[in-house]
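Have a look at these structures, which come just after this line.
Below, subunit A partners subunit B and then partners subunit C, in two separate complexes.
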Partner chain A sequence: MRREGSPWQGLGAVVLKELADNLSSARMRVLEWLIVLTAFAALYGAIGQLRDTTAEDPFLLLRLFTVSRSPLPSFVAILGFLIPLMAIGLGFDTINGEYNRRTLSRILAQPIYRDALMMGKFLAGLATLAVSLTCMWLLVLGLALLFLGVPPGGEEIARSLVFLIVAIVYGGVWLALAMLLSVIFRSPATAALVALGIWLLLTLIWPMLSPAIASVIAPPDIRYEALGLPTPETLEWQQMLARLSPNNLFGEAMLAVLSPTTRALGAVFIDQLQGAILGAPLPFGQSLLIAWPQIVGLIAATIMLFVAAYIVFQRQEIRA
Partner chain B sequence: MGTVITAHGLTKRYGSATVVAGIDFAVDKGETFGLLGPNGSGKTTTILMMLGLTERSAGSVDVLGQDPMRSPLSVKRRVGYLPDSIGFYDNLTAVENLAYTARLMGIGSAERRERIAKALARVRLSDVAEKRVGTFSHGMRQRLGLAEIIMKRAEIAILDEPTSGLDPQSTADFLDLIRELRGEGVTVLLSSHLLDQVQRVCDRVALFQSGRIVLMGSVAELARKVLGAGFVVEVEAEGTDLERKLAAVPGVTAVETVAPDRYRLTADRDVRPGAARAVVVAAGSLKRLSVDEPSLEAIYARCFQPAAKEEMPDAA
Partner chain C sequence: MQLSHFVFAALLTIAPPLAIAAPADDTSKDIKGLYLITDYPAISVRPGTTSTIALKLQNYGLAPDRYRLAVTGVPAGWTATLLGGGQPVGAAMPPTDGSVPLQLRLEIPANAGTGRETVTVTAEGSGRSLALPVTVTLAKELPAKLHVEAKLPDLRGSAKSAFDYQITIKNDSGRNLVASFAADAPKNFETSFTEAYGSQELSAIPIDAGQSKDIKLHVRPPSTIDAGRYPVTVKVNAEDATADTKLSLEIVGQPRLSLAGRDGLVSARAEAGAQSTIPVVVSNTGSAPADDINLSGSGPSGWKIAFEPKTVDRLAPGEQKEVQAQITPTAKSLAGDYMVSLNAAARGENASAQYRITVSTSTLWGMTGAGVIAAALLIMVGAIARYGRR
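Moving on to the complex of A and B:
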């Protein structure tokens, strides 16, 4: 059945209102401070490390993102952990909050489709994430100039821009997940709890669990074990399973983009290294190509989760 | 005049439970129509189907010449809805809340401001226009909901249990606002389980019971159908042989002497003019003349008495 009118009628109004709500909400303040403080801590460690070692590195700025000094993890690792938290914080009560405030049926009685409400809320959440992450990105650039004293090159900027975009997409995955849960569960507390559970599972437990599962599916070969080498099949399974976690995809994509020497993600076979000068950086386009499947994976995950949330929401009956 | 809402065999099933069981009704332009029935009798479900917020299982509805499932946007553009438990964004002011819905309706910014100010004035919320809705009482929220409908310039206003939980004064105020709305030619659909309110404002009512309309018509019509006679007129007068003379007034079906000089007439219409004339003609002195409007409560009691016990768990 053809629907009358545009499904996006009212989209702009929803985006503007939600964006204003997000940017002025107290929870956003808390999350921003959390991120800024952790970022400072991580960068402080990295800057200290970098000043000690070298000033000749052509990718000094990028090193800032990836270098870690124990006990602090690298800036990218911290973001991989914190961005989901931020996105969940923004998304866990999008629909059920509206329902509990009894505003949902009043809004849906206006001449708009549910599509506009859902899409508007998602776009506003994504824009909020983009604003905060861009601020953070500028912060890092500023700090780099201040403490390292070397202006970043064009390629460095390009690579760190890719980092920024992938970080936003990564946030989108979690935002879509949180919105899906906010449609499924009527109680925001339940939705938040489930979202945090999934977050812990995927970022902390899954990396430990996937090797175990992989070795059950494809048991290690004794011949390889005798040589002290991992079995290729097991390794492949392990990688495939690990990539089910968006955290892993984000980490891999960032590795490819921010460490220009990365030639392949995962196991490297000897034929891939033919003619390669080890340790030489890849051109920007090549690095992007390596990260491409991971980036597409993140985008696909976002779309899938959003569509799921959309379908469940369309079928839901709204009674005040 | 013409009809603005028509329902034919409208049905809603949830699994095996039939919540609305093939109802038919028509609402004329400009009339105030009451949906009356105990909790759980299917009023809200019927309303949701009229707005296209819930899919119907069978039958058809036509709102302003359109099918709310096919053309939800044009129906929702012309119909205002006050849900039974209305909510606003507590962190926003009354104006901001209305501005958001106005934007959703696609009203331009200059017109928006003007329409909002007017609507708030109409429901007497101008003083608190810039206050956060979080500070509003229940009655103020209901009035704000009505302001939204006024701002929308809706041709049909659908109000679901708008006065439940309001104190008597707020209820009276709200009913006055409904009357004003009707005075402007807006068709009003009012759902309620409170009889006297429906009686006070509605031209016609439909009595719902377990998803069916068991009775429909004006309160006087229903009274005649259910109670036999609609009007009870009390006459207090001094005079001789009044009982016989009052009984002769056209329309009076019975006369009862309740006390010396006090008579209760049962009639099929309002017989006060005739009764007054009869007393005067008999050279009596008329002290008091009052009419008991046919009470919906009596109709309701008569209609639902046997079923009331079954409905008890639902009515909680």
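Moving on to the complex of A and C:
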């Protein structure tokens, strides 16, 4: 089984066909409406809050993403919750759906290799996500101009563009996971359930679980406890474990990029803040540097999940 | 007149004069006789001057009679004249229970030398003979008739401060005087005399005998003067009496340091863990040179702040010098803005500037992140190479 021909052969056809299918599917429409309406609600709350409380802010546009008004969470938090849902919705039946419709062997009878099929389906899913997220991003900019009447500055646009790219990559992680599950499980329902289970675990349960696990691995020091301080080792473990969740990575990266005053993600010793002028915004490059490890984590996770899906798919019997 | 005073009398007999301490008016009933009296029978005179001594021929309860007056024992070269009513007299006739004022004028030549002489004034008539010896002490230096004193003769201040001296002039002469004064100060110093509690400038002030007056001397040095001690002499003149007092004002120059970046910039950039050099300008805007200026800095813990050079030996007024501050944030610094304070201290004078340092972190970890992504892609390539295509 020597590798022959261009790796791009058939990729374009798969991407275009999948994209068309995705964009016209009813499932996609439901997901889009869900996102748009929720985003509207969160944005409306944020705009109201900004008008009431913020006197002057050099990064007014960015505040739209991060300001929350109870009971609604902030726009970024809502996206962190909903993008996985959207990606899982797009990806949970990519391979096993074809298999169950008995179209997989027909497609692969064409001069389209399995890697091109997988890559094409992944890229189409990512493109669909990108289209809807870009729409939402433009929606936010438009609403900000409309309600706040302040034109965004260059750095704000740059930061919000980074937000858009990271959001797409974050969607990529969940899309790759959903595709991996769709390769592993023959039944789309099982794949969807497992994907949703993982999503729930990583988004809701993991943040509660990681401190408990961290305190088992590195028990808190009684001397720090007496002072009411967290033990540095425990805190470090807790953070490392929490960062296993893509949701956490996305949240941290967004915090660094959308709140320019963020100096560090994670625990900071007091002596590191001595003499620091708090509240001074960081240059864009420095903020990006802080968020970079998180962004790298998301990109690497996407690639690794995709590679896993590819390996499993390559070794699979696909004749039905 | 005072209630009691010493009355020196020369009695009729040849006996030495007796001092009788008694009020003249009250005892006039008990005392009977003729007396030649003076307030001060012993005086000091400077050679070359003329001195006048008031005498009185007093008659208690005797009939008026003619008494011949004479001065004996006058040293050679001296001129002694008895005056009465402004002209020389040779005899006097005091009425009963009355007196005749007389004056003894002594003209003493300048070459009289020093020592003590006794001049005797005598009055003779109708069997009575009176003698009043007057002792004249010749002294080269007479006690001052004017006295000037400053309460605080040494004042200290900067070139811009005002120097006010409180001066007391005392008139020790027996006459009412008009004292005029002048101050002798270095060039370009402004001096003026005013009343002690007033703003009117004066050049002279009348002082009653035995009284004193307070005046104020205001000295304003030129503002560009160097530090140092400057003498001021106050001279007071009244008729033939002069007095002076020496005052001094010490001007302490003050260096005033200021610290800022080039063009007044007080912000700079630095990279975590790497040394960056910031030009800092130290300038002296004061009036005295600043010596041994030590430069130091303090920042967040773990930061290294050094200066090149570490000290500035001397900075004359109006001069400025550029030094280099070498700031090294710790490798663990978070990105962002920090306050660093830079200090320049010369003896007693210091200046500090708050610098805002924008710390950026190394992009090394960013490269590592790119490496991680490359590794993930390599795994993908490896997987594709291993499993090939189907």
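FYI, the second predicted complex is superposed on the first by the 312 of 320 C-alpha atoms of A that agree within 3 Å, B and C clash if a C-alpha of one lies under 4 Å from a C-alpha of the other, contacts with A are read in each partner's own complex, and residues count from 1 in each chain.
The rule is short, and it goes like this: contacts are C-beta pairs under 8 Å (C-beta built on N, C-alpha and C of every residue); 3 or more make two chains touch, one makes a residue touch a chain.
Everything numeric here is computed off the predicted structure, so don't read it as measured data.
On the superposed subunit A, the positions of subunit B and subunit C stay apart, so the two partners fit side by side.
Look at A:Ile311: by the touch rule set out above, it reaches subunit C but stays clear of subunit B. Taking the C-alpha centre of subunit A as the apex, the lines running to the C-alpha centres of subunit B and subunit C meet at 160 degrees, rounded to a multiple of 10. Touch criterion met: A:Ile303 reaches subunit C, while subunit B stays clear of it. Once the two complexes are overlaid on the shared chain, A:Val14 sits against subunit B while remaining clear of subunit C.
Greater residue coverage of subunit A by touch, when subunit B is weighed against subunit C, goes to C. In the superposition on chain A, contact of A:Thr103 is made with subunit B only, not with subunit C.
Of the two partner chains placed around the shared chain by superposition, subunit B and subunit C are both touched by A:Tyr113. Superposition on chain A leaves subunit B and subunit C with their closest Cα atoms 7 Å from each other.
Residues 1, 3-4, 108, 113 of subunit A are contacted both by subunit B in one complex and by subunit C in the other.
Touching subunit B in their complex are the following residues of subunit A: 1, 3-5, 9-10, 12-14, 16-17, 21, 101-103, 105-113, 317-320.
Across the interface of their complex, subunit C is touched by residues 1-4, 108, 113-115, 263-264, 268, 271-277, 280, 282-283, 285-286, 289-290, 292-293, 295-296, 299-300, 303-304, 306-307, 310-311, 314-315 of subunit A.
If you check the complex, the residues on subunit B that touch subunit A are 44, 48, 51, 53-54, 70-74, 76-77, 79-81, 83-91, 100-101, 103-106, 145, 148, 160. Looking at the complex, you find that subunit C touches subunit A at residues 299-303, 332-340, 356, 358, 360-361, 363, 365-366, 369-370, 372-373, 375-377, 379-380, 383-385, 387-390.
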